[in-house]
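Quick one: the structure is below, and I'll ask about it shortly.
Order of writing sets the chain letters: A, B and C. Residues in each chain are counted from 1.
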Amino acid sequence: MLLIHADARRGLPAARPLLLAQVDTALTPDTPILDVRGLTKRFGSTEVLKGIDLKVRPQELVFVIGPSGSGKSTFLRCCNRLEEPTDGSIRVAGVELLAHKVDINAMRRRIGMVFQSFNLYPHMTARGNVMLALRKVLKMPKEQARAEADAALDRVGLADRAGHHPSALSGGQQQRVAIARALALKPELMLFDEPTSALDPELVGSVLGGMRDLKADGMTMLVVSHEMRFAQEAADRVVFMDGGVIVEEGPPSAIFGAPKHERTRAFLSRVLN
Amino acid sequence: MDQALPPTRWTIFLDTFFKASVIDQYLPSILKGIVVTLEVAALVVICGILLGLTLALVRAYRIRAVNILIVILVDMLRALPPLVIILVVYFGLPNVGIALSNFAVLWLILTLVLAAFAEEIFWAGITATPKGQWEAARSTGLGFTQTLLFVVMPQALRITIPPLTNRTIAITKNTALGTVIGVPEILNQATTATSFAGNATPLMMGAVAYMVIFIPVVTFGRWLETRFAWRRA
Amino acid sequence: MDQLLDQFFNLSIMQQVFPLLVKGLWMTLKVCAIVIPVGAFAGLVVALCATSQSRLARILTVPYVDLFRAVPPLVLLIFIHSGLPFAGISLSPFQSVTLAFLLNNSAFYGEIYRAGLESIGAGQREAARSTGLTALQTNIYVVIPQAVRNVLPDLLSNTIEVVKLTSLASVVALPELLYSADMARSITFNASPLVLAAAFYLVLLWPVVRLLSRLERRVAA
């Protein structure tokens, strides 16, 4: 509360009394890990996200599908503020990300992200990739960081590749290193943006397998992907986006079995055939 | 401005570097210097690039003895400061009975230096052309020289243009070294005038003359680089 | 032929002037030891400004870089050494040389680093930021190491140019290698001291030129 008064004294706008959330919201098991409200995003004059509301509860795997250009990546990137939202509210584990006082680097540590193009650091080994943030963000001593990195690589089945540079790894292995890099920071939420789209078909399975294991370990995940079979089998909920809005959402059986909206049906018939 | 006011820092600055009477008096000699600089520059660019291209083409025939000579020559010209070579030639040759004018020495040395760098750049372009291009051309019955001239070089030239432009600019700026051996180019005119006038205005005029000549060229070089970078992407 | 040898490769004169030239070489190395690291660092700062998010920083670096790329280093040096005293600013030859070459140098290194920084895709930055690294940490640990590696040949090539550039200091009577050699030439009326100086430069730079040719070929391949 003191902090808020300090703000008021300096005449800062109290439009987003977000520290309240940090202080007052007790984290019950039901608190959503991710709570997005009224999220909009404009690039210049084009509105790419037109008011997104979505809650992701602990241990949930939420799948986002939708046609190209519908704003899926933009939405995901807003969730760790790689993209600066225009308006709305994004709470991660009860903390408002858009508060101007939020330590975004500390929050990003708690939100893992996996990219379509892996984005591994080519000048570092697999282990080096995982260790960097452990050392520089969590300020771990070297030996501990090394042990944690090796443990994370082990979790994605790459203990024996720790000393390899990305160029010496297959696409599937690179993506699993990228998952380990995020995982090692012990995030409460993981974002996946088309993690298998850049992979040869025979390598997709290994990455999906890794995600399946994560789910089994109780990780909360928000996944943008075109792997509909994986969605049907592993997702708790499927969200269909089109034109910057969530058109409909529900359990996979409902979305794939009996979509309510014409747009959803049209999209699914296009991708499933 | 009121004459009675004591001189401010600003008027002192103007008087030191932009004195109107000095500008009037020495503009003709600076202009003469510009002509000389442009003459040397044009001759160096044309001769240097042509010689460099020739050396690179010769090197493509991979005649061992010739190539070793080319590599040694090019390496030396890349490793030695041009001013050192200029002084050696300018002061050394007359004593062995070869008298070259200072203009000729400046032209000769800068041409050789540019040729050396140009050769390396053209050669890099030739070697960067995929082997398949050679094989495809030879398989249609083109000879080695025909392949080199009509298939390989046109492709090589494209990637050589940005580095060659930058290198050419850098070496052309070395025309200022001519002042050391008395070539009446811009810098030489400017320093002479400065000592006569007892005022730094001619030096500023010289610097401005270089900017007027080279800023467009540097900007053009930058534009070329981005343009070619886009193409590659 | 004898005349040629006597004029350019006079061993007894070379022997005589050798200690003088070694002293000159030390001065050359001293200038390099300041101008190269400081210039390379300043260039990096220039490049970070040129590629930064801040519009102002980007706009300011363009004239800086273009100015010092356009003005020949000798003109800059003479301007600083003989022009500034008219405005009441007198610098020693050593100060003039370091200032002129740092200005020139930072612009050239800056352009090279800029190309390097631009060669790193946005994904690298995003990945680093997504793990909580700050913008500065991202630059230091992720972007700059890759950028430098991508432009290593150009950095090396520019460094060779800087070493060669120091020979211009002779014009403002800084007793570096070329100045010492030229002084010896004017005393002995013989070009051998200059040839000896050339030999010093070759010993210093030829290996680097060879290394550079190799690096360039490896990057092209």
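As a convention for this text, a residue touches a chain if its C-beta (ideal position, glycine included) is under 8 Å from a C-beta of that chain, and two chains touch if they have at least 3 such contacts.
Every value quoted in this text rests on a predicted model; they were computed, and no experiment measured them.
Graph distance from chain A to chain B, where chains that touch are one step apart, equals 2. When every chain is reduced to the mean of its C-alpha atoms, the one closest to the centre of the whole protein set is C.
By C-beta contact pairs, the most connected chain pair is B-C.
Once the centre of each chain is set as its mean CA position, chain A and chain B turn out to be 54 Å apart. Centre to centre, using the average C-alpha position, chain B and chain C are separated by 17 Å. Averaged Cα coordinates give chain A a centre that lies 47 Å from the centre of chain C. Chain B makes touch with chain C in their complex at residues 12-13, 16-17, 75-76, 78-85, 87-88, 91-92, 95-97, 120, 124, 127-128, 169-170, 173-177, 179-180, 186-187, 191, 194, 199-200, 203-204, 206-207, 210-211, 213-215, 217-219, 222, 225.
Across the complex, chain A is touched by residues 121, 123-124, 126-134, 137, 141-142, 145-146, 149 of chain C. Contact residues on chain C toward chain B in their complex (touch as defined above): 3-4, 7-8, 66-67, 69-76, 78-79, 82-84, 86-87, 115, 160-161, 164-168, 170-171, 178, 181-182, 185, 189-191, 194-195, 197-198, 201-202, 204-206, 208-210, 213, 216-217, 220.
By the touch criterion given at the top, residues 77, 80, 82, 105-109, 111-113, 115, 117, 119-123, 132-133, 136-137, 178, 181-182, 185 of chain A touch chain C in their complex.
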